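These are the structures in question, set out in turn.
Each of the next two complexes has chain A plus one other chain: chain B in the first, chain C in the second.
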Partner chain A sequence: MSTLTTHTTASRDSHSIGLCKFNTTSKAIEVSDGNSWYIYDYDQFLGSYTGNSYAVSYDGTDDYHTVALDGTSTGGVLASSDTDIALTLSFWFKPSGGDIFGWQDTPTSTSPTILFTPQNASGTTYSLYYAGAYRHTFSSSEIVVGSWNHFMITRTASTNTWSIFCNGNSTPVDTFVQTNSLSNRANMTNMYFSSAYYGHGQNVFDEIAFWNSDQSSNLSTIYGSSTPGSGSPVDLTSSQPYCWWRMGDNESASNGSAAGTITNTGTSSTGSTNYDLTVGGGSPTYTNSVV
Partner chain B sequence: MRTYCIIHSSEVSSVDFDQVLQADEDKLRYSLDGTKTFIKYEGTQPFFLLGKTEYTHEEILSILSGSEWTSDEII
Partner chain C sequence: MFVLPTFGLGVIASPLSVFDPDLTFPTIQVFDNESEFIDQTNAPDYTIVHAKDTDKLYVWDGSAWYFDSKNSQI
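Moving on to the complex of A and B:
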């Protein structure tokens, strides 16, 4: 691998046709035509990938993180037209009981957009609510209690098809073709991790990523292996998630310390809204028990 | 190891949040009728909780799964 040499805006190198430099002031690539510098600026800075050393643990009593990721039609993170809505949510999690995830207006909303919970308040058989109903109950081999699992849900804009993927298997465990409208979209205001309709979950979460596009064709890239069941979290920088919460790996984390605000390192992190995860309740902690 | 104590909602004002794991009043979870909440901490029981029953993680999970704290209504 070759490395570009550098200069700064204040002290650029002398011109030479084809000379290519990395400007350490502006972080742009600059190419000289002999007289002028042609500047190729970056789109986003995604931070540097530092490997996966931490996850976040929720004790199941009152711990949860939330983010105001507004998917409603009035200026949300999704397309304003119901016919153009595509999305992907991917995360690693180790469940031990209780709620997993919700995208809804309040934690106890009875009109959620997505809800990932046990079948009842005390159960450990998980079901997924989306497109206006509970549509899939996971088998014990699809979601293994007490083990790390990878979950990915996608929706296409072209056919309004939802697909649910578990542990890197390219065959969805569930699909559903919806009409154009996204059910309960008006309530799609907050994401909740380790909390949803029934209360709170005893879980560990790692490497949560969201795209406002369909990433089903990139499943193996996101999962980290072409072989189902043998993947592990990978550097998602090249996949350019809109939001990417590393769950401690870009924070000053230590095992057992309080997991406060989790920084969004996705492409949206340089926008006007940070989309960081904040503690909604309780006291989640970092753990070095990772996938 | 975390320890848990249930208190009445009226006692929240006496909680010193520097001595417990929850950051502030807004991070507490309340019973469905709003009359109770719980505090969690590590190490010695804080002075303002003296006399309160201490619960282990397993014990508090069992309590919280009951109808007083968790709705069993199905969507």
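Moving on to the complex of A and C:
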């Protein structure tokens, strides 16, 4: 097999035209032209879970990430039959005002499937729209502004029941049994993080995961604790999320650097499918401010 | 002038490893699909391979696969 020889950032080899090395400090491939090293930083790595060191910060002005996670009947990430829809979305977030999340056709869609927004453009009293209506307004203890919160929304296929969980509490803050088909499914074409109906939110996001199955029975595993308020991000590999965006921990990230495309490390990430998060606007940045 | 690596088509070396022991850099192993090797942890350290289904370049550092996406194709 072909292997590369190595050097380190502190002790690079002498230049030789065409010399190709793997830098064990930065994990970059480096090629010498005789005078300079041409550095090829890695885009992503797949390996064992290495903990949580980074999150992504959004400025509330124009920053947001998006992914074409199409849940329409022909989109592929959810069951094609309206009566078989099961899903779970989990993320850690630290809100400071403005929109949190939307699953809709455009950022300003008036017919979203899920919308997680304040009650006005820059507010900090948050409400959740799902199953065709605003169905829950979060109390200041359910979502704590300026602090890290864990949010998880699930929907079962067997009973068409939606459940909303906050900060690891196994008692949902809201449930709703939907007797009809998934509302506004035809507009379920894109996920937006830190952007929704009103505009853009000032938030920090970490460890976003999506399953096309109901994971409500695995809440304590996903939250990292069976005690509400005591959880922290954990290795989700064994839970096999369909999409898992680690928000910098499998990227070439550094504190304050631009968070461009964020790679999906879930089960749908192999092969030519990617479902990466891409920058929809502004300049989101990596931060060491982790849960 | 750069000495660019050339790509040899992947050949399964033995039932125990998917990595071809006869290739030496700059000729690297090319797999049809990333799934043929991405779960393997027995590659020698700093093995470099290419996958045709992703067009990515992968290096194994002994604990993880680090990879670069294709920037362009001519």
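To be clear about the criterion, the second predicted complex is superposed on the first by the 240 of 291 C-alpha atoms of A that agree within 3 Å, B and C clash if a C-alpha of one lies under 4 Å from a C-alpha of the other, contacts with A are read in each partner's own complex, and residues count from 1 in each chain.
Everything that follows uses one rule, which is that a contact is a pair of C-beta atoms (placed from the backbone, for glycine too) under 8 Å apart; a residue touches a chain by one contact, two chains touch by 3 or more.
Here the structure is a predicted model, which is why all the values come from computation and not from measurement.
In the superposition on chain A, A:Asn35 contacts neither chain B nor chain C.
In the superposition on chain A, A:Gly282 makes contact with chain B only, not with chain C. In the superposition on chain A, no contact is made by A:Ser217 with either chain B or chain C.
Applying the stated contact rule after C-alpha superposition, one finds that A:Ser2 touches chain C and leaves chain B untouched. Chain A residues in contact with chain B (one complex) as well as with chain C (other complex) do not exist. Of all the residues in chain C, the ones that touch chain A in their complex are 1-3, 5, 13, 19-21, 23-29, 33-35, 38, 43-49, 53-54, 56-57, 59, 61, 63-69.
Every residue of chain B that touches chain A in the complex is listed here, in rising order: 2, 4, 21-23, 27-29, 38, 40, 57, 60-61, 64-65, 69-72, 74-75. For chain A in complex with chain B, the residues that touch the partner chain are 59-62, 97, 108, 110, 112, 115, 120-122, 129, 134, 197-200, 202, 258, 260, 279-283.
Listed in rising order, the residues of chain A touching chain C in the complex are 1-6, 17-18, 20, 22, 24, 27, 29, 31, 33, 40-48, 270-272.
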